[in-house]
Amino acid sequence: MGAAVLSVQGLGVATTRTPLLADVSFTIDSGERVGLIGESGSGKSLTALAVMGLLSDGVRANGTVELAGHEGNLLERPEREMAKIRGSDMAMIFQEPMTALNPTMRVGAQVAEVMRIHGTEPSKAAAKSRAVELLDSVGLPDPANVARSYPHQLSGGQRQRIVAAIALANSPDLLICDEPTTALDVTVQALVLDLIVRQAQERDAALLFITHDLAVVATVCERVMVMYGGRIVEAGPVTEVFTDPRHHYTQGLLAASDLSMPDGSRRERRSLPTIAGSVPGAGHFPDGCVFRNRCEAATEACTEVPTWHDRGDGAGYACVHPLGADSSSGHGARDD
Amino acid sequence: MTQPIEQEITRSRRRPINATLIVGAVLVGVIVATAAVSLVWTPQAPMRVLSTEAYQRPNAEFWLGTDRLRRDVFTQILLGARTTLLVGIVAVGVAALIGVPLGILAAMSAGWFGQLIMRSNDILLAFPALLLAIMFAAIYGGSTQVAMVAIGIATIPSFARVTRASALSVLRTEYVTAARAAGRGPVAIAVRHVLPNVASLVIVQASVAFAIAILAEAALAYLGLGTPTGQPSWGRMLYEAQSTLRSAPHLVLIPGIAIAWSVLGFNLLGDGLRDYLDPKLEDR
Amino acid sequence: MPACTRWAPIPHPGMGHAMTEPILKLTDVRREFRRPRTSLRTPPPVVRAVNGVNLEVAPGERLGIVGESGSGKSTLLRLLSGLDQPTSGQIEVQGRRVDGQSSRQLKWLRETMQLVFQDPMSSLDPRMRVRDIIAEPLVAAGMSAAGKREERVVTLLQSVGLPKDAIDRYPHQFSGGQRQRISVARALAPQPKILVADEPVSALDVSVRAQVLNLIDNVVEGFDLTLIFVSHDLSVVRHVCDRVAVMRRGEFVEVAPTEELFADPQHAYTKQLIAAIPTLSAALGGRTAAALADEVNQQAGGENRD
Amino acid sequence: MILPLVRRFGVLVASVVASSLVVFAFMQVLPGNPARVALGLNASEGAVERMTTQFGLDRPLPVQYWEWASGMLTLDPGIEYISKAAIGPQIADRLLITLWLVGLAMALAVAIAIPLGVWMAVRHRHADGVVLTAASQIGVAIPAFLAGIVLISIFAVRLRWVPSDGWVAPAEDPVLFAKSVVLPTISLALVQGSVLARYVRSAVLDVLREDYLRTARAKGLTPMQALWRHGSRNAAIPVVTVMGLQLATLLVGAVVIERVFVIPGLGSLLLDSVSDRELLTVQSIVMVLVVAVLVINFIVDALYLMIDPRLKTGAR
């Protein structure tokens, strides 16, 4: 594993009225694949947009975001300089392949453009032929023909490969994927996941992979961060977090998402464990521990923001009543 | 047998009232108040020729001065508000009452009938309000009534279009499918689901159409094809004052401001309502 | 690729007698759509959304229909619920024909079969109160006494785990999971025999999905319903259903009891579909993205599908 | 691309035929004999009868329609009832003047509105954007003829820079032409420019929210570059519709402005014909204007096909 490519410290995001993200800190090394999981409204996409400097107008970020090879805090950089970094040293793949491409421009030109912007190819013609090579390398059959198509003539899986080609064109040090396969069919998902991992590995890029699907994150990533209510509530190596969770939310999520039994066999018609209630809307999470209004173990102590407990090996959690050996309190999910 | 869940029915959608909406409502409110006042009180008898000087500047006795024919301008402005509102209400009423049902009908009849409605609509769309009103005036002569009806007819297509587009998107929702699956007939679906859900867009359209109707009426009156001489109308006042622009500019400015005021009011009201009623546009 | 035919209805585990009259029967059902003409020389293209589907569902059975986007599962669902007419073929519910009937003639079907939809945002009319939403099938069925309707709505709310005071609220005041509960209550209102669920959990968060799956399980059990459950997610279908039909390009490629299908899939497409599901246990056991893709490619025989 | 265009052309032809029927039928609703209407109540029975036979007003309606419609096709719809002047050449001469006015006004409106609208959208959260938006709202509310009157009072009456009325053909004297056309053009363009600017603003705001614009920025384009390279074509789609509608509005709006500035355009001819009860002329002018609107709609549709590749294949 290489040196840290991305380092985020105390990142917060807020609109004028509502805080959306608080105290988000993590680092990703080169060649490392880190997953960020959470449900809708957890703030995982905001984290990605804040790192990319693509937050929309009325939303502001504070804290520090550092990218290897660039001095200082990215959040303080003027737009013009950020534009130079985006698409070259860090790139992003988005969730909705249907809308992420310009409908009135041929896809080949859209891929070639990213190389022309950053001057990685000397001429228009060179960028064009390189674009066709890229389309080939992301597994599109008949790439020359695809390059001449408009997005509406392609399927969702094909479009997502094109979005990937755009992101990978300049071999970024950091690749951020925001739910890249959520809109795709399951068979296509398997192929696109493979593509993303393979391409990131080839370039020794740091990968930040955002998803709501625990199985996908376990397949793709080595390390995982669990996000809820705009905070990272637990983080660590995938095997550790998913087999021995400390936070009640992680535990509940694990129980609710796996429909088969732990050994992979079918769970006979029995009630699934659930997490009570539903995810509050932005700005409606409780003070202190964001999960405490849905947590069975919550006590008076949870009204304070829980401190981060280090488990070593980069793992940790933010919970006053953690699960596991050193705790006596109950479990996060009900089996009823 | 059921598992009670934690009760947290929350998220009541509190819509912010925007500044545009307030300004629009105030401007329109003033026009409505003016028209209402004129029903019970005017400084002078309507359209009376006074025994005083013509072309007076605004003064203590005649708040907005007098015109060429020695009539009180303030009285005419008050009465003109009535004409303006009347024209708007009738024109928009005609357009909405015909256009909205046509739009819903066109959206709900998929085959040739829906096509026929929209094609006829497109042809009517080729007759702009002013042109249609001039045609009407050529046949029936110029009057406020003819102008109102002509403007109303010319405004039907815009209502039909807006309603159809919006109704089509409502008809594609799952709650309409659910209603069909529940056994609801087309009439019940149109009345219970489509109409309430297109209503907000129709209200916005009505406000904008009101402004356009006011402009069209003023233009017609100015051309001498709308409200005839001797009846109160802002457009007419402008026409009569044009020749004396140099000596008495206030006679142009006052009705001009009144027209712009009301058009602005209804446009702002429409814009404000659009933002207020459509949650998708919240971040604008 | 030949379709693997195991058409015969499998009596579900709880049922003693082997053969009952099917509650739902589809015979060679087809639905074609004509696309707009793209050239003057060639005839307008025809899309065969449903292409010769045969199916029998026994009362009390829980059938899953699985397919990816464009497989025709939504069209099939519209056909069997009488919302669309097949180009050819027969659809029978409790021995009565559904195809070729006007919506007026299908009033009985509305009291026999009800639907739960995918999108909790758009499946409830935002301008209606919960009271009117749930009562809508009752009104359509001709229950005119408002007091009686109200009583029924309150009972239904309770049976889906919502409080009584939800009755006067509007849909936007509820979370996605709660809205799906309202949807289920509406479907139960006319006391149907068959519940058709169209991707009822795919728009929900993981932590809420389990709640809704439990609810569906409970009402199917408690009200003795036959369940048709449509989903793109095999693992959800596996949890809910007794028997699974795998659909692709308008056809059923394989129909089998759930565990049989998972343990021993016959059709290559089914194998591919099962192989493609990322599972937590397999991933923690060391299955990488490359391994996952390899399995899919192996099953597809090199056929690139996207 | 060809097939959708052919289809739309078919719609255009059908619409022209249908609207000509509407116009013709509309003019027949008039109670009484058109000759009586044209000559007035004081004319003798003999005069009315002579005119009726001369113009064939007693023939069956389909025959009259056919004669008029085929006359329109050959640009010769007939002669006026009273003056007996040929209608075709008159319309042609006047239409040319109106087209100058409309063309210049549209060009000016577009030149103002597009940069203004983009500015308003990009700066919509800043003070300058809000102020411009409010100003455009006021621009929309001022009727063109009021703007004309005010402009005359300032630049013609007080400052005497330009004449307050009249028309000089460009071939006759380009400088005088420019002077005579500047105020009417500005009056027309002010309102239409404001309206258009507001549509440009909302189209650009819509595009700014699109995912592909975010993709463009993730590629390393600055917001303005992204808007220019990826947004302009997409924002053009709704704007072109509005421009088509505006051209139609301008054609008719010119009627009023021609009256304000005493310009002998098609609008003046229309109004004169209305007051002279020359119904055949009115009918023919209305038809010319309606055909112009329909042709504009057709051009807008054709432009769509060029801008939006999704429409070329016929699939949406």
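Think of it as A, B, C and D in the order they're written, each chain with its own count starting at 1.
Everything that follows uses one rule, which is that contacts are C-beta pairs under 8 Å (C-beta built on N, C-alpha and C of every residue); 3 or more make two chains touch, one makes a residue touch a chain.
Every value quoted in this text rests on a predicted model; they were computed, and no experiment measured them.
Looking at chain C and chain D, the chains that touch each of them are A, B.
Most remote chain with respect to chain C, judged by CA-atom centres, is D. Centrality by Cα centroid goes to chain B.
Comparing the chain pairs A-D and B-D, the larger number of C-beta pairs in contact belongs to B-D.
Our note on geometry: chain A versus chain D, Cα centroid distance of 53 Å, whole angstroms.
Annotation: 22 Å between the Cα-based centres of chain B and chain D. Annotation: 47 Å between the Cα-based centres of chain B and chain C. For this pair, chain A with chain C, the centres built from the Cα atoms lie 31 Å apart. For chain D, the set of residues touching two or more other chains reads 313, 315. Multi-chain contact residues of chain A (touching two or more other chains): 58, 271, 278. Shared interface positions of chain B, defined as residues touching 2 or more other chains, are 3, 5, 8, 10-11. Chain contact summary for the complex, chain B toward chain D: residues 119, 122-123, 126-128, 130-131, 134-135, 137-139, 211, 215, 218-219, 222-223, 225, 238, 242, 245-246, 249, 252, 256, 259-261, 263-264, 267-268, 271, 284.
On the side of chain A, the complex with chain D involves touching residues 52, 54, 57-58, 79-80, 83-88, 91-92, 94, 96, 99-105, 113-114, 117-118, 150, 152-153, 163, 166-167. Interface residues of chain B facing chain C in the complex, by the touch rule stated above, are 1-5, 7-13, 173-175, 177-185, 188, 192-193, 196-197. In the complex of the two chains, the chain C residues touching chain A come out as 68-69, 175-178, 205-211, 213-214, 217, 232-236, 238-239, 258-259, 262, 272-273, 275-284, 287-290, 292-297, 300, 304-306. Residue ranges of chain D in contact with chain A, taken from their complex: 125, 210-212, 214-223, 225, 229-230, 233-234, 307-310, 313, 315.
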